[in-house]
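The structures considered in this document are given below.
Consider the two complexes below, in which subunit A is the common component and subunit B and subunit C are the respective partners.
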Partner chain A sequence: MTRYIAIRIGQGALVVLGAVAVSFLLVNVAGDPVGVLGGQLLGPEEKQRLIELYGYDRPLSEQFVDYIGSVLRGDFGESFRQPVGAVTLVLESLPPTIWLVVGSVIVTFVVSIPAAVLSVLRRGSKLDGGVRGSLMVLQGLPSFWLGVVLVLIFSVQLRWLPSYGDEDWTSYILPIAALAIPLMSSVVRLLRSQMLDIMGMEFVTALRAKGLSERDIVLRHALHNAMPPLVTFMALQIGWLFGGTIIVEAVFGWPGIGTLAITATNNSDLTVIQALVVVVAVVYVLLNLLADLLVLAIDPRLRAS
Partner chain B sequence: MRILRGSALPRAGRVVIVAITALTLALGVVACGGSDTPSGGGSGETAASAPPARPTGTLRVGLPGQPQSLDPTKIITHYDLPVVTALYDGLLTRTQDNFDELSPALATSWESNTDATEWTFELRRGVTFSDGSEFNAAAAKKSFEYYQNDESLWGFAIGEIADIATPDDSTLVVSYDAPFPDLASYAPFIKMISPQLLTGSTDAIRKRLATQAAGTGPYVLDSFAPTGRVTATANADYWGDGPHIERLELEPIPEESARNSALQAGDLDLVLGVSPRQAQGFAGDPRLTVSRTPSWKTYTLSLGTQTAPLDDVRVRQALAWAVDREAIADSVLLGDAEVTGSIMPPDTYGYSTPQTQYTYDPAKAKALLAEAGVDQPVKLSLVAYNTVADGVAVAQALAEQAKAGGFDIKVVPLPETSAVTDLDKAQRKYDIHLIPNGWINGGPFHLAAGFVTAHANYRGRRLLDLIEQMRTTANGPEREEIIAAAQEEEAKELPELSLFAIATADASTSALKNHLPPKDGFLPNWTEQYLAAE
Partner chain C sequence: MRLRGGRFAGVGAALAGGIAIFAAALALALAGTLFMVDPNAQDLGTTFAAPLTEGHLLGTDSLGRDVLSWIAHSVTTSLKIGLAIVALSALLGIVVGVISAYIGGALDTLLMRMVDLQLAIPPLLLFIAAAAVVGTSQTTLILLVSVISWVTYARLVRTQILVEKQRASIAAARLAGIGHVRIVMRHLLPSIGSVVLVVASLQLGFVLLWEASLAFVNLGVQPPDTSLGFLIAQGRSTLAQAWWVVVFPGVMLALLLLAANLVGDGLRDYFGVEAEVIDR
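So, the complex of A and B:
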């Protein structure tokens, strides 16, 4: 098991290294960092002064080694546009996004697990048909569209919920709904099919023979056995959730990394974009690692192997 | 370019050009309006009610972007400047009902000598900064000196100062070796900063001013977060009338639809800058008011004059004949833009209509192309900044129209900050840039500062000489003649092809009274509006 964890950590480190390399290349792919920083009307001497100041005249390999050193120290330099460290900006914007992602995951679990259990317990019933029909519709709804519709209904028309910001807990309802609803349908479908597979297995027949009720079998055995693939699936969805928040944050004026990414991109704020790429990669890797450990915790077969 | 790099502009001034190019005068961002008179929540309803006896209520304002700093010398965007304007005053200001004229602010009177090499400001007495320090000539001098710092984006607004004298506590004299006629018209943008904040090294000051503020403005800063909102409270010791609202909450919401939904949902009271289409959408909502002001903003096409085929003036003129500006103003900007024959917008100092005019005449365009000996259709690329409201739609309509005139124009939508690095180059990647120009000082700003010619890398001697003369001639009949001649020459040579003058529109809840968008597009007057009781 230790070896497995070590391998996963090693793979995560490689992903982060890849992200660091990509973020380093971003500056060069963007063309002329000094041009972006100071514009095209800088005289040749001033331009040269800035190039030397920022070390853009040194060999790429040398710059890359220095860059890795800076990344390890958590120092990406100041934002091109604000007198604040790029990492500070990213770290300040990270919590609102993480709460959004975590909230969406919790809401997804809270709604999807009972829905899937009910659907399995009453399989073939009208309720099951209703759940499955709703899922087909919900799965096709993109988050940004859903976000706009939710704002129009609950903020503009009914004026029940705030349309933007992260002022208090009510601000979380609509953006979390916009992120969680499309995800719920995937989770219910996955859980339902996993549990139905399990319900057809021999050990379930044995359990029935022992006189356990369908309800006990589903809740205690089918659901438990369906959890490891669900956790793995959710870990994979975290990337999608982080991507989805960029759009959802724009729709809801949410002060997270999505909004920061849009602002930094529009302002060509290269250091902030670099810090964003690396920090998001680290968070993504850590969350995936956490999911792996969770799977290990709930699936004894993996621990044994 | 030659002019900008010549002796007239200080280094700081050159940095500015960048900023202006790069970041913002692209404020045109929010075009709309076009009637000859201001309209909306402001003017019409003022008489019906009056401001409250003391500042009342909270005004929640949607900004189109995250304010990057509170340092008045480092900001230049349409979402930074409204914030700083609430906190700081300039020596002069412009009022909503008389925007075309300068009004006293921290200076009660001002004058220049006949050749505009010496400006004298009589300063208001008894004014204190929000940190308690006194506003006087020494404080004003210190602010002017800070505006000369190497990274100041507003060097162009103070010019190359030779000397700043303070003969007494309430007199400031700014002297120049060469005439600098536009100092007064830039004065609303030159903010007076508490001397207590201007101590130590320039770097220390810059860091301090990024997040702290102490001015004499109508509001006092409560909080500023680099990734969030700005809040401010009415200045109880404000020297002038107002403010009439107790608290300002300025919320950065970059996405236009999110800002507008927040306004419709009642979560915001005022959105600065709405597009024509959105303004039309608000028209049917009795809870909302759209205020319009014909502004000093224009949309123009900057033409790369050093790259074939636009290096031939006949091809540039053919393009002017191939564009039906009236049709675009009607169909894309919903009739709210005003087609203007000059590169300058109407109502600015020195504006005149050149004799050289272009109307929609595709046959003439083709004939000129034939005369120039270029193969038709002439293939060109046109960049439209995706931050400019309706910019891409205008560009696409234009490209479609120009087909009949012998052009094949490919529209390239790009983020503004990437696209502007292509301007000014002798060998541009893109032939044409659709750019918004804010003529912020109500005068020949983009011409006099050399942006029009520099962006196009234009090198025609006559126009460059006229620009040099206009920059160093005091206001008066002689300067007006020079500006008129420059507009005529510009229209003939077309480093930039003017499309239309546009206006700004702000949308607010109907409870907000006496608010008008500023003509300069940057400096809302935060002292005049108020919230009517429900």
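So, the complex of A and C:
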């Protein structure tokens, strides 16, 4: 098991290294940092001086080693557009995004697990049909549009909830709903099919013969056995959630990673983009590692091997 | 979930439903190009016309632009971009997958590590980072999204080819002195058709969603081209006056995504392919 964890950590480190390489290639090879910095105003001589000042004239390998060194020190240089370190900007906007992602994951679990259990317990009933029908519709809804429609209903029409910023807890409700609703439908679908598969297994017949009620079987055994694939699935979805927040944050003016990424793109703030790519890759790798450990913790079969 | 009761009946209905929606969308797109007013044409006399009034089936926006025409033209753009991306990323993925599986060895390991790496960075962030460097236009949109989303094809094609390669007939063909290129083209490629078709239809949904999402944050298609996402973004500021400007394009987008999912799921169950597209 230790070996398995070590391999996963090694793979995670490789992913981060890859992200570092990608961010380097994008800016130092494909991009034109000096042109971005100086705009169209600079003459060729001044431009050359800037290139030398920032060291963009050195061999790429040297620049890359240098870049890795600064990344390890957590230093991506100053933002191109503000007198702040690029990494500071990214780290400041990380917590609001993480709260959104964590909140959506929690809400998704809290709603989907009972829904899936009910749907399995009453399979074939009208309730089950209703759950499955609404899933089909909800799964296809784009979260940014869902966000705008939620604003239309709850902020513009009913005036119950704020539509902008992150003032207090009420402002979390709409963005989390916009992210969680499409996710919920895939989770219920996954859980439901996993549990139905388990309900057809031999050990379930044995449990029935022992006289366990259908409810106990579903709650204690089917749900329990369906958890590892669910956690793995959620880990994969975290990448999607980070992507989804980028767009959803734009709907709600949320001061997170997404808003920062879009502003930085519009301003060609290249150092901030570099810091974003690396920091998000690190967060992503850590969350996936956490999910792996969680699966190990809840699935004894894996611990043995 | 599959195999449970009336599998093929359900598959047929899902496929038919999906194809019907696509056909309707195509008809709308065609009608938009042929008969409708220019979506960018402003008519300041009839701003915020409600649906079904003043000759505007789905109403007008703050500048008097016809929402139906905008939707129709956006569907054209979305489908064009979507199909271009699907074709390009499928091509890239097939080439990498086939090379990786057929040649194998260190090259295979290298290519598959690249695939893992790409699956590990949130694709939207990757896109935004690239867009920051090279700028946004319809061409860069198509190229970047394709470069980001070929990995699913590569993985599945590789698995399929690895299996097919073991067939006795392939060894026999080699012994008969048939060249590698010919073996790949004539004997291996035909076997991946169903996998590619399934992934392509599932991917189309994601790509349409991407296109609209990026247009929504102004990183996608640029005016005078139109997009459903762009229209939703425009309508946000006038939500209180005109709900129809955001609601109808969203419904259209949801219908397109539903159609892609119905066709994708239907084909997947029909071919019995284990394919999951996870590149959201």
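Methods note: the second predicted complex is superposed on the first by the 301 of 305 C-alpha atoms of A that agree within 3 Å, B and C clash if a C-alpha of one lies under 4 Å from a C-alpha of the other, contacts with A are read in each partner's own complex, and residues count from 1 in each chain.
Rule of thumb we're sticking to: a residue touches a chain if its C-beta (ideal position, glycine included) is under 8 Å from a C-beta of that chain, and two chains touch if they have at least 3 such contacts.
Not measured: the values here are computed from a predicted model.
Of the two partner chains placed by the overlay, neither subunit B nor subunit C lies in contact with A:64.
Of the two partner chains placed around the shared chain by superposition, subunit B is the only one that A:92 touches, whereas subunit C remains out of contact.
In the superposed model, A:242 lies in contact with subunit C only, and not with subunit B. After overlaying the two complexes on the shared chain, residue contacts for A:26 are found with subunit C alone; subunit B is out of touch. When the two structures are aligned on the shared chain, A:151 is found in touch with subunit B and with subunit C. Using the contact criterion defined above for the overlaid structures, shared-chain residue A:159 touches subunit B, although it does not reach subunit C.
One of subunit B and subunit C touches more residues of subunit A, and that partner is C.
Of the two partner chains placed by the overlay, only subunit C lies in contact with A:15; subunit B stays clear of it. Within the superposed three-chain model, A:82 lies in touch with subunit B and out of touch with subunit C [touch as defined at top]. Of the two partner chains, subunit B is the only one touched by A:263; subunit C is not.
The interface of subunit A with subunit B overlaps its interface with subunit C at residues 30-31, 148, 151-152, 156, 250-251, 262, 265-266, 268. Listing the residues of subunit A that touch subunit C in their complex gives 11, 14-15, 18-19, 22-23, 26-27, 30-31, 136-137, 139-142, 144-145, 148-149, 151-152, 156, 189, 192-193, 196, 236, 239-240, 242-244, 246-247, 250-251, 261-262, 264-266, 268-270, 273-274, 276-277, 280-281, 284-285, 288.
Taken together, the subunit A residues at the contact with subunit B in this complex read 30-32, 35-36, 38-43, 46, 81-84, 89, 92-93, 148, 151-152, 155-156, 159, 162-165, 250-253, 255, 259-260, 262-263, 265-268. Remark: subunit B residues 1, 4-5, 11, 14-15, 17-19, 21-23, 65-66, 68-69, 71, 206-207, 210-211, 225-228, 251-255, 257-259, 261-262, 264-268, 387, 415-418, 420-425, 454 touch subunit A in the complex. Contact residues on subunit C toward subunit A in their complex (touch as defined above): 1, 4, 113, 116-117, 119-126, 128-134, 205, 209, 212-213, 216-219, 229, 232, 235-236, 239-240, 243, 246-247, 249-250, 253-254, 257-258, 261, 278, 280.
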